[in-house]
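Across the two complexes that follow, subunit A remains constant while its partner is subunit B and subsequently subunit C.
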Partner chain A sequence: MVKYIIKRVLLLIPAVLLVCITVFLLMRLIPGSAVDAIVYKYSSIGVEVDEDAVRAQLGLDKPAAIQFFVWFKDVIQGNLGDSLFQNKSVHSILAAELPVTFELGIITIILSTVISIPLGLLCAARQDSGLDIILRVIAIIFLSIPVFWIATMVLVYPAAWWGYAPPADYVGFLENPWKNLQMFLIPALLSALGQVGMQMRLVRTQTLEVMRQDYVRTAWSKGLNERTVLFGYAFRNSMIPTITMIGGSVSSLIGGSVIMENLFNIPGIGKEVVAALSSRDYPLVQGCVIIFAIYVMVINLVVDICYKWADPRVSLE
Partner chain B sequence: MNEPILEVQHLKTYFYLGTDMTTELRAVDDLSYTLHKGECMAIIGESGSGKSVSALSILRLVSYPPGLIVGGKILFHGQDLMEMDDEEIMKIRGSKISMIFQEPSSALNPVVTVGKQIVENLLRHTSISKEDAWKRAVELLDEVGIPNPEQRVNQYPFEFSGGMQQRSMIAMAMSCNPEILICDEPTTALDVTVQAQVLEQLDKLRETHDTALIFITHNLGVVARYADTVKIMYGGKVIEDGPTDAIFHVPHHPYTLGLIQAVPRLDLPRSHGLHTIPGEPPDMSKIPENCCAFAPRCKYATEECRTKRPQPETVGEGHHCSCFHMDLLEDERNEVVRSHG
Partner chain C sequence: MKEKNRLRRKRFIFFRELFKKKTVGGIGLAILVFFILVAIFADVLAPYPMQMGVMQADVLHSLQKPYIFMTAAEKQEAVMTATSLGGIHLLGTDSMGRDTLSYIIYGARTSVILCLCCMVLSAVVSVIIGTTSATVGGWFDLVVQRLVDSWLCIPSMLVLLMLMSMLGHGMLQMIFALSVPSGIAGSRIIRSATIAVKDSGYMKNCTLLGGGTWWKIVHHIIPNILPLIITNMAGSLGSVVLMEASISFLGFGVDPSTPSWGYLIAQEGKANMFIAPWLCITPGICISLMVFGANMFGDALRDLLDPRLKGGVGTFSIKKMKKLAQKQLKKMEKFRAKQAKGKVAGA
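Showing the complex of A and B:
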């Protein structure tokens, strides 16, 4: 087990190297550079700036290969550089904004898991009952509603009818948990809806599949009650696909937060990266992508370890 | 014989198939028998003859849809299992009446240790402490001949061989000393040598605990060796039943005779070939109400067999057979029985 984890962590190194090269190249390949962005920004307020001077100042006058190695040397020393447009290091931006995104994502995942697993089990236990049909229809509706649309509706109508809007100024959880949660709960619930639809259906299908297995018949023949059969047998055995799915939503947590962060004005990293991309803030985008990549790979490792825990037949060698 | 513990009376389990559930399949059609304490009763039949369903019906384990017990009584010590509510039948399952199944590898929960699956049964039906239940689990595994039970108890089913899995199934089923153990083809998925071990194990348990066995199988050798009484099922009905000796020495039904002839013989030259019963097992949903289900495959069948259902007739002590033409069978029977010794 420990050996396996060490092996997987070592495999992170080449993967991160590849990510560094790819993101660096991709950033230079997008039409329009940081220099253009800066020149445009100043000319729009009537200030003429010397393009070459800006380029030299940003270190973008050197050949791309040199730029890469200069940046990469810093990266392996743990320094992700400074933002081109904000007077901050990439580190400090990440440190301030990643936790915000994580909070949103974790609340979303907790909500969707806590709602979808019991409902999926309930549907499976009462297959084809009225309740099952109603819940499945609701799941389909949740799945089909575009999240940006429902979020817009949720922002617009309460505001029009009751003059209510969720707080738009970010307050840290530790400072004022109630106000903080007020800001996060609605966007988290909205992004959880789509996941609830999907996860509920998956849990239902998987549980039904397991309920047909011989060992479930054995469980009934032992006189175990429905609760034990459902949780000890059906749910325990349908865990692997459920873990895969939850792992998937954990790793896509950052990307998925962009819409909600923008709509609800939450100062998270998703919103930051999109802004950095359009202003061509090379170090910021590159730094964020490296962190995201490591995050996704670590989550995948955690998921694999969870498999072992969920199913003793899984071998991690 | 001992006192009767289980009386099945006119049991009917039907399946409803098709999209609108209009196709009726009479998997078990009017099955009656009495099981005594310590008796080993074998139910024999081809795949789909209703033998497994009849066993699952006893514990009401046939799930609806598609299966439904539409009639009959199952009296356990005079108490009708059909009339019980869910909680009452759950208390019978696994404690008074247990079951073991065909495929031990799929009949055990793959993600739970063997020990926990035994302990689970003990805790459900007895009032012993968790600690004692684990000790008991080790003893039970030891009793069914699993080596190193202290270690094995903490292992998962996939770490066991097929024979060991089936033996732990037996340990689990026997954990609460049931009065009846239903064995649904317990040796079908096992190697021949392992089969023998498992059968010996069951026989030993029957002797030591006086458990009655209902043995569902299509292996006639097993039946001849272990069973006291035999029921031959065809098309959802018992077509012949009686003491094992009588069934093997004076079979009265052409199907029973066919089954006995179909047992491979090691003492005959290879050129002799294997005897088969012509035709195929019937499509259970297409058997007409008023006919002998075996008629299409029977060389003695007449118009009568196709228009009337034969009723069981007593042909010997506790020996019954449902056939219109038992008398025509005599010559063939004498020849077969003579050659089989």
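Showing the complex of A and C:
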């Protein structure tokens, strides 16, 4: 197991390298480059700057390959460059914001799993009953409703009707855990909704699939009660595709968290990346994307390890 | 002629199955067809059609209440004060005095165009990458797959935001930004399906007869994985609508002059939530409906076309199981009783 984890972590390195190349290529394709942004920034406060000088200062006058290696050397050393507009290094900005985004992501995953798996099992155990139909309809509704729409309404109407609004200022978890959680719970719950719909349906179909297997029939005919059959025999087997799905959904979950952070004013990377894209702060965007990619990779690694727990047949080699 | 009839019959059977076995999927298809028709006939259906590509605005009647929710007195007043644009606003107006109903009808056109174009383009991209990567194989496959892997690590929302802010806010850019990333992501399934086809006997035969890569892809692989391509296409519809709306909501979507549901919620609905809730609620319902239709149709199509992936067709029920067990038990008892009497051999 330890050997496997070490191997996987080492395999992350070429993956990060490839992500860096992809991000670098994407950013070089930009028509309006960083130079334009800087020239625009200074000309708006009345200072004329020489375009070529800026280009030389940023190292953009060299060939793309050399640019890449210079940039990549910095990235390896943890230096993601300086923000064009904030007078801070990208590293320091992201270091402050990563825990916030990470917390939101983890709470979302936990909430969606905790809600969807019991409900999915319940649906499967009581197939075609009234409860099953109601829960399935709710799942389909969750799947179809755009998250940002429901979030906008949740943000505005309760504030008007009951005077409730989530706290506007971010408080660290260690300072005041309750206030911190209060800020995260509603956005996390909202961005978990779509996930809940999808996972619930998957858990249901998978459990039904497993329930048709021979070994479950054997368990029934042995006279075991429902609880034992459902949790002892069916549950873990039906979890295998669900875990795969949770892993696959992390990247779409980040899309949701970008929206949530912007709506609920949570100071995370998702909020930063939208602001950086609007102001064309390219080093910051690059940093955000790389951090997000590593985030996805790490969560995928954790999911793969969970896979082993659910399915001992999987060889980790 | 016979062939044509056979095809027609096959198609008929398909739709009958869709509506009979997968009623929800049939409803989904109906919703999609409805939105497509609305998009095609937007100029006829909209009470205040676009003129020169711009929605008609009437600042005097900004934020008017929907006509259907008005009291009798308000209705009379609305008819009396109607000016240049004239007439009533069934679903009210926004802060610039544009008719919400017309806006939503044109928004449907934007969504449908995006949906159809993205569906086709992303399918093309994924088929090209997936099939060539699998058929050529070797180092080419390795390199392409590693690139696809690294691409999948970057969240699609971020790629979309980056592409949109880089390319500008046009319709064509939106189609490109929505379809190419999802095409690259979808290429993995196509690749694995292609590999399954590649090992079959007829493909080996084709190689022996001297078939080139292109020939193999066009004449053998694509026809064989067509059901998968179609289900992939249908499955991506819903996410396209959601993505487009989310991007417009964040302010990176199509040009503000192009009507878009997400934009209506973000710009008009959010600002006037209390005085004009209809500006937020109606487009949201439209998005939900379209996503619902697309998702349900996609699911039904997958179940019908790909029997290996049958979802939720299990006939398991605890009551039934218990009854079955009891029946078996009774049979067993009868058998034992017979055995005891010595009527059956092998006692």
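Brief remarks follow.
We take it that the second predicted complex is superposed on the first by the 269 of 317 C-alpha atoms of A that agree within 3 Å, B and C clash if a C-alpha of one lies under 4 Å from a C-alpha of the other, contacts with A are read in each partner's own complex, and residues count from 1 in each chain.
In this text, a contact is a pair of C-beta atoms (placed from the backbone, for glycine too) under 8 Å apart; a residue touches a chain by one contact, two chains touch by 3 or more.
Computed from a prediction, not measured in an experiment: that's the story for all the values here.
After superposition on subunit A, the partners subunit B and subunit C collide with one another.
In the superposition on chain A, A:Cys288 makes contact with subunit C only, while subunit B stays out of contact range. Residue contacts after overlaying the shared chain place A:Arg236 against subunit B, while subunit C stays out of touching range.
Judged by the touch definition given at the top, the superposed model places A:Ala310 against subunit B, while subunit C stays out of reach. By the touch criterion defined above, A:Leu190 lies against neither subunit B nor subunit C after alignment on the C-alpha atoms of chain A. Partner contacting the larger number of subunit A residues, of subunit B and subunit C: C.
Of the two partner chains, subunit C is the only one touched by A:Ser278; subunit B is not.
By the touch criterion stated above, A:Ala219 is placed in contact with subunit B alone, subunit C being left untouched.
In the overlay built on chain A, none of the stretches 79-87, 97-105, 151-159 or 241-249 of subunit B clash with subunit C except 241-249.
Comparing which residues of subunit A touch subunit B with which touch subunit C, the overlap comprises 217, 220-221. Here subunit C touches subunit A in the complex through residues 24, 146-147, 149-159, 161-163, 165-167, 238, 242-243, 245-246, 249-252, 262, 265-266, 269-270, 273-274, 280, 283-284, 287-289, 291-292, 295-296, 311-312, 314-318, 321-322, 325, 328, going by the rule given at the top. Remark: subunit A residues 213-215, 217-225, 228, 232-233, 236-237, 239, 310-313 touch subunit B in the complex. On the side of subunit A, the complex with subunit C involves touching residues 14-15, 18-19, 21-23, 26-27, 29-32, 124-128, 140-141, 143-150, 152-153, 156-157, 160, 201, 204-205, 208-209, 211-212, 217, 220-221, 226, 251-252, 254-256, 258-259, 262, 273-274, 277-278, 280, 285, 288-289, 292-294, 296-297, 300. Within the complex formed with subunit A, the subunit B residues making contact are 59, 61, 89-95, 98-99, 101, 103, 106-112, 120-121, 124-125, 156, 158, 169, 172.
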